[in-house]
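See the structures that follow.
In the two complexes that follow, chain A is the common piece, with chain B as its partner first and chain C second.
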Partner chain A sequence: MTVKYDEILDRLGLHLQQVAGTKLEFDEDTNLIEGLGLDSYKVLDLMLEVEDEFDISVPMNLLTDVHTVRDLAQLIEQLKPAQ
Partner chain B sequence: MNLEATSTNNNKPQRLADFETLVEALDYAATGVTGCNFYDARGKLQAVLPYSELHVRAQKSARRLLQLGLQRGDHVALIADTEPEFIVLFFACRYAGLIPFAVPVSVNLGSHEVYVRQIRGLLDGGQAVAALASVDFIRFVEEAAEGLPPLKWLGTPEQLANVAESDIAFQPNQPDEPAYLQFTSGSTRFPQGVVITEKAVMSNLQGIVRTGLELRPGDRSASWLPFYHDMGLVGFVLGPIVSQLSVDYLRTRDFAIRPIQWLRLISRNRCSIAFSPPFGLALCARRVRSADLEELDLSSWRVAGIGAEMIRPDVLDNFAKALAPAGFNPHAYLPCYGLAEASLAVSFSRLDQGLDVMCVDAKAMAERGVAVRVQAESRKVNEFVNCGRALPGHSINIVDDNGIELPDLRVGRVVMKGPSLMAGYLNNPQATSEVLMPEGWLDTGDLGYVFEGDLYLTGRRKDIIIVNGRNIRAQDMEALAEEQPEVRMGDASAFEVADSNGHQTVVLVVECRISDTTERQSLIVRLQRLVYESFGIHCLVEVAPLHTLPRTSSGKLSRAAAREGFMERADWNQATTAEAGLG
Partner chain C sequence: MTLLSKFDSLAADRAALLSTGFDPFGIPIEQIYSPTEALIKGRRILLAGTNNYLGLTFAPECIQAVHEAIDREGTGTTGSRMANGSFAGHRALEQELADFYECRSAIVFTTGYQANLAMISGLARAGEDTLLIDADCHASIYDGCRLSGADVIRFRHNNVADLDKRLRRLGDRAAGALIIVEGIYSMLGDRAPLADFVDLKNTYGSYLLVDEAHSLGVLGHYGRGLVEETDLINEVDFIVGTFSKSLGSTGGYCASNHPELDLLRYTSRPFVFTASPPPTVVASTRAALPLLREGVVLRKKLWENARRLYQHLDGLGYKLGPEPSPVIAVLLESREQARALWEGLFEHGIYVNLIFAPATPGNESLVRCSVSAVHTGEQIDHICQAFAELRELASAS
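The block that comes next holds the complex of A and B.
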């Protein structure tokens, strides 16, 4: 069974809260850089947490098309092997 | 299949860069058993490329490149991901008499468009006749190539493998011929290609491996430095080959996320040579946990070279303290200085001495440009790191704006000369003549002073911002701002400022008419995002009223004056680093 998109979004949300460091309001359309103010260090922290949380390796050529929370959640869904 | 890394010990006598050309060096390295090893994000060995195999594969690929109709001297763009194919293709180009240049791989979120533009700028500026990229990156290059005069060939290494091998015999390379091009910044608009000849790079490598590092049998390298960076390419691809060392690679991106993997590699494979800009050490110190320390043994690490950006002693001290329980020896620190225009290295401090810091009076430095030594305890001091002496056959001088040599401890322009210097910037005689001066001196664009023959760097005169070892041209950041509908041409200024703790912040000041707070905030966050996507850095954006930025009589912006104005407005000398935008 694969992990459902909604579940991914929930789990991702927790990490975004933690990495962004504040109780920011965000939804699927929030831009990660503009909306959450992630700097390059925080992006690295986020990638570490995402890779560990979902047990995936995110190829960097795919990150270039990630702008929003939704983009990232969809990428995780795409990379996540069946459980 | 179980891979096994290449051994540290070779079965052939070590030769230290006593070759005429790069292919001659590889011909010799191929007779031994050493080579390159590639590790994945979890520290697993993924690929092994002994120099013997590199030698065979490079020559095969060279014959295929010739079969494609490429002519001697043609430029070939190689997307420089950390994998065996890059090294194979780099040497394939040299066997075929082609001139390769490395194109960065992008690691920034949402940077697709910017990345394509950057590649296009490099294909165009580098006059690429062919381009090669792995399957992961080929689509970006295909997009970039649209709208440019057609390339003779564009494809992946796998596609190249399907091309028949030409039977044309290789012609020997000459020491005065260009060996490769090195681009000095990720600039989209003004890519500046440094032309490095075979003789220049071999002279530099000789200085590095003999004098700088005193390489010896038993040495082994570990590197996460990108292959498109001069320190990664010259220092850790070509350096190991001309001295027949085995080297262990980690992708830059994998290092950035899990820096501990680099330390594990050094520990596990008993590596002795590993370099990093200071920010890499800061990443390690930030992430390392006490549980990690127990499994690490860094006692084999005899040369921890530090370069590529201004060296802040506190960053090195933090790393040394954090890693001391793992056996890291602070005397391994080897501060050095270099730039792409000199192939790579200009000066090295002394081996086994560690960091040598000079404390000077901040007031005398700022007001008179003189380094007056003081005790560290006194209140206003600047700390500068000893970067050592020029490599043999090279010289360093400190001169004033008129080119007159300055005495010891006086700050001035750092100029250097020697056989490692570039032939010039590709197709840019004007830029070349601005830095290459009569009698063969290169103006490095850096400021510093000399004391008892050793170089101390104090800052940069050129408008290049260096963040995390990357060179960013101020005008590229300004151009991003000028592309916004709210900002007019020439109404942006980018520079970096340091606070009282020496923390650097990149600042972008834009002038515009907008008074509405929401609109201003929208411009600020948009610019921060664009700067991040393009350069991978976070910057502070100030939106200022028109006529804030100081101009020269000819109407040109002065970045130095803009910086001063900003520091005054923001009361920067009192400030600690601010995270977000003003405005």
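The block that comes next holds the complex of A and C.
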């Protein structure tokens, strides 16, 4: 994994803690719905925060392939323009 | 998980719901007496959750038109307009809707849900187009977006700066993107800041679709909705609406000045492959449209009732949607609290809507009232009194 990916993961983690609760532990393999207890609407609201954090647009239709924290971090990496 | 095992948890939830003898999500109406009263579980119940804003479901003009239509044209069309043809009533209603909005043309759909499904999936294509939708949009808008396969960007509810930010991120793709908002939102009863959204769509060269499902007949001197109230009819690209609320029948429509609207008749699958509205529904809707257009007195009474109930509930300390409207949502922290209030109201002889999170904005559950122009002062008094008596019950649950 590149440093860039790790930075994305760290910043993403802060938002996941907010929506999932600080006591909940998770890693890259954690499923967003089952592992973090999010429902589909909470995932959509999480995405509003994530889009602002990384200044990107994440089309809802791309989320059908996102199941885990890793999937989401990789999607952000893919959508985030090179800096 | 198998095909059917995924329903296990829902079945358990439903069994718990039915254990008290009520199914708030499928209340059996034994007899309907009027736009505001029905026989439910052997009791005469006051209806305050039917979105029958103008009370036209029993309008003599509409009932007479239905009788004549069924005698003249039979019970149904038995298929789609592409296969079975357009009846004279279909074409007349479309012209009347175009005249109503002073637009180039209109298309009629069989349901309001289908209107959004057909318009959005007909307009936008996968790999080519981008849709920007308000987070609180109705499920039919979400489903239309999904069916289109286009890129879908969600923006924070009624937040102009948030939409601006998301349009900016799209870069060149913002030009030609379709922004979708509602006139009055079905869950909380608040309205879109339409003038600001029009400014944005003009700045970026985007298109704007407004769903007036809950604002048709409710806003504007002639009841044309938020587009009329804000004097922006000609600034909005596509005006979508439903016949099933203020017009008292069922069906949906889109009106537009874009000539391409008529081409959707050949490309929009939800239009092409659905049976067309039956003559009775078309006749009833055509009879109701002039009543809606000339219904200035009805709209005045509707808003008097709405403001009165909203202000009373606000005074009682209930947490409500952000502004008075004929859709009055009481927000509750838990499902149990919402259920208790809903049951309490039913015990007082009042039917409203119960809506659980996550099918609601935020994470709250709703007890949603809808006010009608034909609710009498005594009926509004009765609703106010019941909410007053249940205030502590709702807090304690």
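One rule holds in what follows: the second predicted complex is superposed on the first by the 79 of 83 C-alpha atoms of A that agree within 3 Å, B and C clash if a C-alpha of one lies under 4 Å from a C-alpha of the other, contacts with A are read in each partner's own complex, and residues count from 1 in each chain.
The rule is simple: contacts are C-beta pairs under 8 Å (C-beta built on N, C-alpha and C of every residue); 3 or more make two chains touch, one makes a residue touch a chain.
Given the structure is predicted, the values throughout are model-derived calculations rather than measurements.
**Student:** With the two complexes overlaid on their shared chain, look at chain A and say whether chain B and chain C clash or fit.
**Tutor:** clash
**Student:** In the overlay, answer first, second, both or neither for which of chain B and chain C A:78 touches.
**Tutor:** Touch status of A:78: no partner.
**Student:** Go through the superposed model and pick first if A:66 touches only chain B, second if only chain C, both, or neither.
**Tutor:** Touch status of A:66: first partner only.
**Student:** In the superposed model, does chain B or chain C contact more residues of chain A?
**Tutor:** Touching more residues of chain A than the other partner does is B.
**Student:** Could you tell me if A:57 is touching chain B, chain C, both of them or neither one (first, second, both, neither)?
**Tutor:** After superposition on chain A, A:57 lies in contact with both partners, chain B and chain C.
**Student:** Looking at A:47 after the superposition, I want to know if it touches chain B, chain C, both of them or none. Which is it: first, second, both, neither?
**Tutor:** Once the two structures are laid over each other on A, A:47 reaches both partners.
**Student:** Once the structures are superposed on A, label A:34 by its partner contacts, choosing first (chain B), second (chain C), both or neither.
**Tutor:** In the superposition, A:34 touches chain B alone.
**Student:** Superposing the two structures on chain A, identify the stretch of chain B from 145-153, 163-171 or 451-459 that clashes with chain C.
**Tutor:** For chain B, the listed stretch overlapping chain C after superposition is 451-459.
**Student:** Under the contact rule defined above, give the chain A residues that sit at the interface with chain B and also at the interface with chain C.
**Tutor:** 39-40, 44, 47-48, 51, 57, 59-61
**Student:** Which residues of chain B touch chain A once you look at their complex with the stated criterion?
**Tutor:** The touching residues are 40-41, 105-112, 115, 136-137, 140, 253, 256-258, 283, 468, 525-526, 528-529, 532-533, 536-538, 580.
**Student:** Considering only the defined contacts, which chain A positions touch chain B in the complex?
**Tutor:** It comes out as residues 31-34, 37-40, 43-44, 47-48, 51, 57, 59-61, 63-67, 71.
**Student:** Using the touch definition from the top, list the residues of chain C that touch chain A in their complex.
**Tutor:** Touching chain A: residues 130, 135, 145-146, 149-156, 162, 165-166, 169-170, 357-359, 363 of chain C.
**Student:** Spell out the residues on chain A that touch chain C in their complex, using ranges where they run on.
**Tutor:** Interface residues on the chain A side: 39-42, 44-45, 47-48, 51-52, 55-57, 59-62.
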